[in-house]
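Listed below are the structures to be examined.
Here come two complexes built around chain A, the first alongside chain B, the second alongside chain C.
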Partner chain A sequence: MSSIEFVKLEKVYKGLSDFCAVKGVDLQINEGEFVVFVGPSGCGKSTLLRMIAGLEDISGGELYFGDRCVNDLSPKERGIGMVFQSYALYPHMSVFDNMAFGLTLEKGSRETIKEKVEEVARILQIDHLLDRKPKALSGGQRQRVAIGRAIVRQPNVFLFDEPLSNLDASLRVQMRIEITKLHQRLKTTSIYVTHDQVEAMTMADKIVVLNQGRIMQVGSPLQIYNEPANTFVAGFMGSPTMNFIDVEAKDDQLSLRNGQASRSFPMPFHYSGQATLGIRPEHIELQPQADAIPVETRICVVEHLGNETLLYLTTDLCEQPLVVAVSGETSPEIGSALSIYLPLERCHLFDARGDAVRRQGKVTVS
Partner chain B sequence: MDISTVSGPQARTLPVSRSPRGAQQGKKTTGLSGFSRQRIRTAWLFLLPMILGLACVAGWPLLRTFYLGFTDSSLSNLDGANFIGFENYLVYDQGEWYGILADSLWWRAVGNTVYITLLSVSLETVLGVLVALILHAKFPGRGLVRAAILIPWAIPTVVSAKMWGWMLHDQYGVINDLLMSLHLISSPVAWTVNPDTVLGTIVAVDVWKTTPFMALLTLAALQMLPKDCYEAARVDGIHPIKVFFKVTLPLIKPALVVAVVFRMLDALRIFDLIYILTSNSEDTMSISIYARQQLIDFQQVGYGSAASTLVFLLVFGLTLGYIFATRLKFDGSGDH
Partner chain C sequence: MKALKRRTGQVLFALAVLALLIYTIFPFYIAIVTSLQGGEGSFYLPQDFDFGNYVSVFREQPFFLNILNSALVSFGTVAISLLIAVTASYALARVHFRGRTTLLLTVLGVSMFPQVAVLSGMFELVRLLGLYNNLGSLVLSYTVFSLPFSVWILTTFMRGIPKDLEEAAIVDGATPWQIITRIFMPVLWPALVTTGLLAFIGAWNEFMFAITFILSNEQRTVPVAISMISGGSQYEMPWGPIMAASVIVTVPLILLVLVFQRKIVEGLTAGAVKG
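The block that comes next holds the complex of A and B.
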């Protein structure tokens, strides 16, 4: 096991026009931590992972495992285990051979290799499949084999490259829990890449949100959710996404762009100028509240999810409809008017550049 | 055929035919539904032009050769030939065996052919894989090299044989000149005449010509391989040579087997290269050369046809045996 430190890591793909996939990333990953890199496709998260693995050259900056710079070390010397999105199993080898292939190099008799493989297979509940070929396995079983192949070498660092995205929804949830359980058992430093925010929220000790090769925010899942550092993180994490309303802030007063007249509200932020107000769909109230912004809306779409109902509301505050999540089942009439209340305590304010404005006084509680 | 897999207009009648009564009286219980019968008819219709074409250009000459092999016809007397059974192949007459199978020259030709085939196909398989591995790697100018490597395969054999004939010439040839100036040989070698060197020379030129073909087929197979397996192997720190023998080779084996079948078929029928490079030398006679000699030079159409039939049977048998042997192995490993 080891901690990992990134110092101004960069990845540039040379070509007709150089493409910078990772731009000056600084990050500290503690020993035994489960870190999730999350971001939209093309944000550089996989590139970053492959740079840690040693599958991509590092164009700039330094990468440390513990206090050893590993920039020029081969994947093997770095002591990593990697699980690929497409499993990357050797199609012509049995499950046992797939798992034992990496071990045969290291010193150790056939007996010890057999013992190791069988022990890992038992942990992952694939011990009855050891003689099968990958093509005779289901997707979930293949992924277990791929994880087993990584575990059996007892690496210092585990790397997961979107390992669950080829599985169906229910299997994904199951494997998610198993990977978490496995991490609790092995306590190996793990880095997990995903574009699925639910995986990020549920599995991570620490989430790293990436966009366009840059780190947008690093924090615990609840920090990321409750205190997004900018509009990108706020909009990316959480489903349905946060509602954004353009506002004007002046002298601790908030003015809403409202069809005819503008109304002002006192706000818990120190900021003047153009800004964006953000509020999550589940934080909007339907009952009158103190310290809340009342908004008149009209219902345009209703989505029933069973446990909750999503209402899409048109307002004159913004062009996009506001989304409100209401628990349970309601069947309001489309087109009918609805008054909603945005509690100021739950609101986020982002400045003109999209960065979050620090809240005055008490911090938002979840 | 399972009725439940039938789609299209027939599918609508399925509930009826599934019921026991429907199954008893329905025509569909006979096996094929009208729809799949129609599909089979269509398939045959599409195949018909090719079958007709092949029957004209391959089937008819083949049958005629079979027939002529059982006659004593000659080029001057094609129509008045007599049916003589297996006499062209083997006959016992006045205490002696006659016929192709008793001809020591035929067996020499068989030996030469098998020798050339085995050596040439093995060498070009190894070289072809090596070249393919190099061409598979990324380097500047790869596209140009990939195109250039195909040149020997693109040149007609007659041309390349003539070219090599001149290069290997004992007096004016560039190869002797080169080897002499490098002091590797002290006097010029008659590569295509000397019985010690001539078979090796033919194999070398054949390998030069056909390695690109093996390389191309192998390269196609290499490009189909899953990239992530190699990354997994890199992460596991497995030595590239071990990766080649344990991962690459097993995965490209199916393609290699097909490529080797193609090359075997070609090499067993080798004719033009030998004919041009060494003309009528008995040292290099292949079975095709033997058959041509009987047919054209000696004008024994019957005897020559019998020899051609044997060439066909030999090539067919060896190739079939090879396919059978390799496929058996694959079924055992369950990869196909």
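The block that comes next holds the complex of A and C.
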């Protein structure tokens, strides 16, 4: 087990025009932590993981496991275990041989290998499958074998590269819980790459949101949800995505760019200039509230999800329809008018560059 | 009316199949029938059942030795060209280096020369290495000709192996040689069998190099030995023994193909990573 530290880590792909996939990433991962890298495709999260694994050369900066710089060490010397998206099981070997492969290369004795493999197989509940070939396994079983192969060598660091994206939805939930339980049991430092924000929110001790090769925000799942550092994080995490409304702020007053008349509200932010107001669909209220911005809207689309209903509302505040999540089932008439209330408590304000403006304490709308 | 139309279609199709069968099998039929007859000339219908020709093939020349030579040369060629081809294709498919495509195209270009074009150059090489009238000369020249296609076929297959599989092995601590021998070769088994078989057939049937580089009867390979079978007089073609010899040397090939055929199909349907 070890902590990991990134110092100005960079990855440049040399070519006709150099492509910089990872740009100066600094990050501290504590021993035993479960860290999730999340971001859209092409954000550099897999590249970063592969740099930690040693499968990708580091173009600049330093990578430390504990206080040892591992820049020039092979994956084996770094002591990592990795689970691949495609499982990457050796198709011609039995489950036992798949898991034992790394140990046999280390020339361990037959008995200890057998003992270790069987113990891990018991933990993962695949001990009855040891003689089978990968082609005779289901997706979930293959995933367990792939995890077993990574665990059996007792690595310092576990790396998961979108391990659940090939599984169907229900199996994914089940495996997610099992990986979390496994981590609680083994307490090995783990780094998990995914583009699925539900996996990120549910599994992580610490989420690292990446975009275009840079870290956008690092924090606990609830920090990321409640205090997004910028519009990218705010829009990426959360489903349905946060509503954004262009506003103008001046002297602690917020004016909405309403077509007809503009109204101002006192705001709990200290900022002047062009800004973006963000509010999550689940925080918009349909009942009149104190300290809330009332908005007149018209219903354009209704989506029924069973446990909640999503209303898409057109307003003259912004071109995109606002989304409101209402719990339970309601069947409002499409085209009818609806008044909604945006509680200031729940609003986020982002400056012209998209960075979050810090909250100033409680203000009341008179 | 409709039934009649379908009936005629079926009959025509059957006739076409029959014609094709006769066309492909007839030469082999003649060979087998002729080999079983005593006397001279070739025959269309079996008249008697006589293994005399088979016995005479072995009695009148060191034919058993010739078969052994052929087997030695063919297996040697397969072993050496597979070893070189597997390692070369690993580099060509997996390692990024400057001039990789150029190298692959050069390999392909070399294989386009006809045998005659390289015969004299090869002869010089064989003399230089002191391999004249030695089976080594044949292994050398056959390997030269089987390598280009082996490398190409294996490179294509090697590219088809998911990168994850290789990286999983790297993470497990395998060296490149271990990756080739413990992971890639078992996965590539069908491709190896196919290229090996093609190289084997090429070496087993080759005539021109075999007659040029080998002088003595004891070192000859089968195709040359068959061509050297002579009859009672200068004007007589000993068809019986020639056909008997041909049948004898074709049998190993057919057996090899039959043995490996099932393996090839098995391997191709096994599926590598995902299912």
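Throughout what follows, the second predicted complex is superposed on the first by the 360 of 366 C-alpha atoms of A that agree within 3 Å, B and C clash if a C-alpha of one lies under 4 Å from a C-alpha of the other, contacts with A are read in each partner's own complex, and residues count from 1 in each chain.
Methods note: a residue touches a chain if its C-beta (ideal position, glycine included) is under 8 Å from a C-beta of that chain, and two chains touch if they have at least 3 such contacts.
Bear in mind that the values here come from a model prediction, so they are computed numbers and not experimental data.
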item	value
Combined model on chain A: chain C and chain B, fit or clash	clash
Touching partner for A:166 - first (chain B), second (chain C), both, neither	second
Which superposed partner A:270 touches (first chain B, second chain C, both, neither)	neither
Which of chain B and chain C A:128 touches, first, second, both or neither	neither
Residues of chain A contacting chain B in one complex and chain C in the other	53, 55, 74-76, 80-82, 84, 86-92, 101-102, 105, 149, 153
Contact set on chain C toward chain A in their complex	162, 164-165, 167-174, 178, 182-183, 186-187, 189, 270-275
Residue ranges of chain B in contact with chain A within the complex	226, 228-229, 231-239, 246-247, 250-251, 333-335
Footprint of chain C on chain A - complex, ascending	53, 55, 74-76, 80-82, 84-93, 101-102, 105-106, 134-135, 149-150, 153, 166
In the complex with chain B, residue positions of chain A that touch it	53-55, 74-77, 80-82, 84, 86-92, 101-102, 105, 133, 149, 153
